Amino acid sequence: MTIFKNITPIRYEGPDTNNDLAYRVYNKDRVVLGKRLEDWLRPAVCYWHSFNWPGNDIFGAGTLPRPWLGPVITQEMADQKLEAAFDFFTRLGVPYFCFHDVDAMATAHNLNEHQTNLKKIEEGFAAKIQQTGVKLLWGTANLFSHPRYAGGAATSPSAEVYAWASAQVRYMLEATHRLGGQNYVLWGGREGYDCLLNTDLKRELDQFGRFLSLVVEHKHKIGFKGTILIEPKPFEPTKHQYDRDTATVFAFLQKYGLEKEIKVNIEVNHATLAGLDFEHEVAAAITYGIFG
Amino acid sequence: MTIFKNITPIRYEGPDTNNDLAYRVYNKDRVVLGKRLEDWLRPAVCYWHSFNWPGNDIFGAGTLPRPWLGPVITQEMADQKLEAAFDFFTRLGVPYFCFHDVDAMATAHNLNEHQTNLKKIEEGFAAKIQQTGVKLLWGTANLFSHPRYAGGAATSPSAEVYAWASAQVRYMLEATHRLGGQNYVLWGGREGYDCLLNTDLKRELDQFGRFLSLVVEHKHKIGFKGTILIEPKPFEPTKHQYDRDTATVFAFLQKYGLEKEIKVNIEVNHATLAGLDFEHEVAAAITYGIFG
Amino acid sequence: MTIFKNITPIRYEGPDTNNDLAYRVYNKDRVVLGKRLEDWLRPAVCYWHSFNWPGNDIFGAGTLPRPWLGPVITQEMADQKLEAAFDFFTRLGVPYFCFHDVDAMATAHNLNEHQTNLKKIEEGFAAKIQQTGVKLLWGTANLFSHPRYAGGAATSPSAEVYAWASAQVRYMLEATHRLGGQNYVLWGGREGYDCLLNTDLKRELDQFGRFLSLVVEHKHKIGFKGTILIEPKPFEPTKHQYDRDTATVFAFLQKYGLEKEIKVNIEVNHATLAGLDFEHEVAAAITYGIFG
Amino acid sequence: MTIFKNITPIRYEGPDTNNDLAYRVYNKDRVVLGKRLEDWLRPAVCYWHSFNWPGNDIFGAGTLPRPWLGPVITQEMADQKLEAAFDFFTRLGVPYFCFHDVDAMATAHNLNEHQTNLKKIEEGFAAKIQQTGVKLLWGTANLFSHPRYAGGAATSPSAEVYAWASAQVRYMLEATHRLGGQNYVLWGGREGYDCLLNTDLKRELDQFGRFLSLVVEHKHKIGFKGTILIEPKPFEPTKHQYDRDTATVFAFLQKYGLEKEIKVNIEVNHATLAGLDFEHEVAAAITYGIFG
């Protein structure tokens, strides 16, 4: 039983319903140009927005009670979160979910534990997917929250950090593959620089290119058929992120011969932050042949 | 003994020194237009920048070990921080410091504890000021980090939150007075709105005007001779903050008859965030007669 | 006969019309909350957008042929423009128009000519208003296009320029009054500074305050019942304009005792340029009691 | 004799000079890291800034009297401008100048006239260069001021406009070559879109790629050894310009196989407009191997 147990499944009831917990406008079964809205939009609930954020901002402490969050996440907390998450997905009636490795698993203190804990929660996901029919839209590894990534992940000057990043992506790519995920996403929030004076731009880009080549190589090796997607963002948390916008990503992909292998996952607000707009980014990605 | 015990006091050694821990450019005793640089600039170390921030950002956990920080601050931790802070101030050779109430004191769970814990650390400050000669530039109350302030402090729709805010400012204004503080600052990071649809702008401004009138009244009652300063900022954390810039503050002060009593504490980056610049804000404040 | 002679009057024909020159969505007679749309919105055609702009930008010459435009506007050209304008207004079916003095009149080389030429076109307007029923929403004087205003109009350091500005506003306020205009608008595109180093901010604001006091005084003297409106804009063409946003205007109006006499005319894009939004500016103006 | 005849040549006189028309800081002969400042900086006067702009902005008429400017430029006016320009360059003591074709030549009404008039002024330039020693840093064709370019030059949907653009660049590239210009620059102020709804992005980029390939082909054909440079700018006048920033240009150059042939000419304010900074753009261009 989860905290949502008293919530009746949310359904489309039209614009005139008095029910606060109802869809008024979105009707997943409405057919537009020959396709159901749900099939056009493929809505997904993201673990990090709905289950891992305590409602804090940089000036204030969390305002949302989340019994499954804390400085260290135990397996029990991870399991409780999983239970609540799938209860939420099914009552909300969405077809997909997404997660970062560390959003879902128990806290790990070394790579062995990381692999073990991720495997444990993967088993939970597999059972829930089987049981509910909610599918994995995409998986992704969190290479930005742990202090080790303060200076970059694939672009860190530390070989140990690069190895950690590689291992996290490998495990998560494999888990995504086994869970039937449709794509695999990379968001490089720490792949960038805060100051040019202590950054060797060429070396970091080469390292990043090599890293992504390994991801593509491993994808083919394990037979994953989904698309590898980069999510562009111009800055925040890093002052300048290498995956600034679609054009910058396309420049990078061509330089490292990856333009046939990797596409972009465009986010509205990231486009705006870059001084562009969503429509431009979509049009640019289509023009460059990298629309994900 | 603090973590700074092996740091030799930092002194001006000129641009050619090989000593990493030396002032190369700033020479506090250099006389410019008849006044020492230190007297022109009045540099201060702020508790919140140097002692209370664990090096986190919104996408990542803290990277700075601070033994005196934690989810709950005990009196021992507060004392250890005080010891380190004054050791830092004196080795750095700065004449002033600043703090918010909760930066310095042990965590309080109710107003009685708040008053008691603030009093305890005030005693620590008084002794250190006496002993080191470092002076309090200004004090301020933190009305934004605790979840109770998520919807505003003086502009909160909750009477209890308004009372908490009033009490915090009263205690801190009195402490600042007793510690010889030169000014008292109010930064209204939560005094604003995130959405106009659930905000009664006029009522919130009236409430804020009444609050500041009480602060001014209490200042005169206790005989505090320092200036009450508002620190303008356009947004962040709140989408729109009422103290947006100098002109907006001046509009507000005139509306509530406070333009002779309250001045502004201008911050360079806040001016930039507002689409203005520091020089403009200084010139505007002088023109309006509210330059703090 | 004007260039619009072959254009059939534009009417509401609903969303399914095949007629390119028809209103598809806007139906002026549709009643919303007890009032016709046209009465809610009071749409007006502005002379400067539709008749005085040759389609140029700062990097390129004009692209729109306008037989009534040129380096010098003769009375014949002004009359031709008037004819075309009212033909346009009536075929479009809008109830109001707006103009700056120099938008409509023949080019003047001194104040006498200015007064004479404005009077001539005013007579044309009076006849057209009578004949078509199209009404004047507001009048305004152009105090920014002529080189004399490069350093300000009411805030110019030149007494002669100040006198020109005063005379233009006086004549135009009187013309607006006689033509039954509903409001009088002031947009201070050159009232600001490009560099603080050569600007005496206090003196310029005092001069601007005195100027607006004269406008208000004259309004009452001639019995004009419409509202005097300031149109805020943060910058462009001047680096910093004194009427930056609603709050800044309110600060100014209070300082010079004008807050009961002058209100604001808010423009969506000017709000955005100031880092605010239209809704905020409207809400702020209502809160301050200066919503025009 | 030009309007500068009473201006004594400007020289370095050091920070303490009382002479208003002197270099106080910049000393062209000062050697820094083994090279004269003038050789590091290669300062140039641009015709368009100093001789072709009448001091107007979008809200106001020109404020600078320029006897050689007018709606139509005669050969006499072009010659007078040339005389004044070289008098200015030599009295200022700068080693280089730059110009667009139409900045310098008499107004042309067709391509034959364009070619003839450009040739005439080229002869004037050749004589002046010979006589003064001032050199051509780079030449460029103006493909943005004439109304024909309102919808693009190389990306215009009109074949005639494309032909005009090609001819202008050809003539100017050849003139630059004959005048000993060190580089040839392309700024695509109209190569972009104002609205995605009426723009075929892929087709315009392909057309632009073909155009630049022709420029490179012609450069080699005529034996010009200088570098072809694109000057990135994100927008203004066009809402979105294809040469947005260095990364976007690099994406484009790779797509059309031009990354070994074309480099970038970075401008500080264009970088800022793109939400980047000059240092980033320089570092990116060096990293990509396209620093001009």
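As written, the chains take the letters A, B, C and D, and residue 1 is the first residue of each chain.
Simple rule for what comes next: a contact is a pair of C-beta atoms (placed from the backbone, for glycine too) under 8 Å apart; a residue touches a chain by one contact, two chains touch by 3 or more.
Because the structure is a prediction, the values reported are computed rather than measured.
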{"item": "Other chains in touch with both subunit A and subunit D", "value": "none"}
{"item": "Reference subunit A; chain at largest CA-centroid distance", "value": "C"}
{"item": "Interface sides of subunit A and subunit B: same vs different residues, half threshold", "value": "same"}
{"item": "Rotational angle, Cα trace of subunit C fitted to subunit D, multiple of 5°", "value": "180"}
{"item": "CA centroid of subunit A to CA centroid of subunit B, Å", "value": "38"}
{"item": "Averaged-CA centre spacing for the pair subunit C and subunit B, given as whole angstrom", "value": "45"}
{"item": "Subunit A and subunit C, separation of their C-alpha mean positions in angstrom", "value": "51"}
{"item": "Residues within subunit D bordering two or more other chains", "value": "none"}
{"item": "Complete list of chain pairs which touch one another", "value": "A-B, A-D, B-C, C-D"}
{"item": "Subunit A to subunit D touching residues, read off their complex", "value": "196, 201-202, 205, 234, 240, 244, 247-248, 250-252, 254-255, 274-276, 279-280, 283-284, 286-288"}
{"item": "Residues of subunit A touching subunit B in the complex", "value": "57-63, 71, 144-147, 149-150, 189-190, 236-237"}
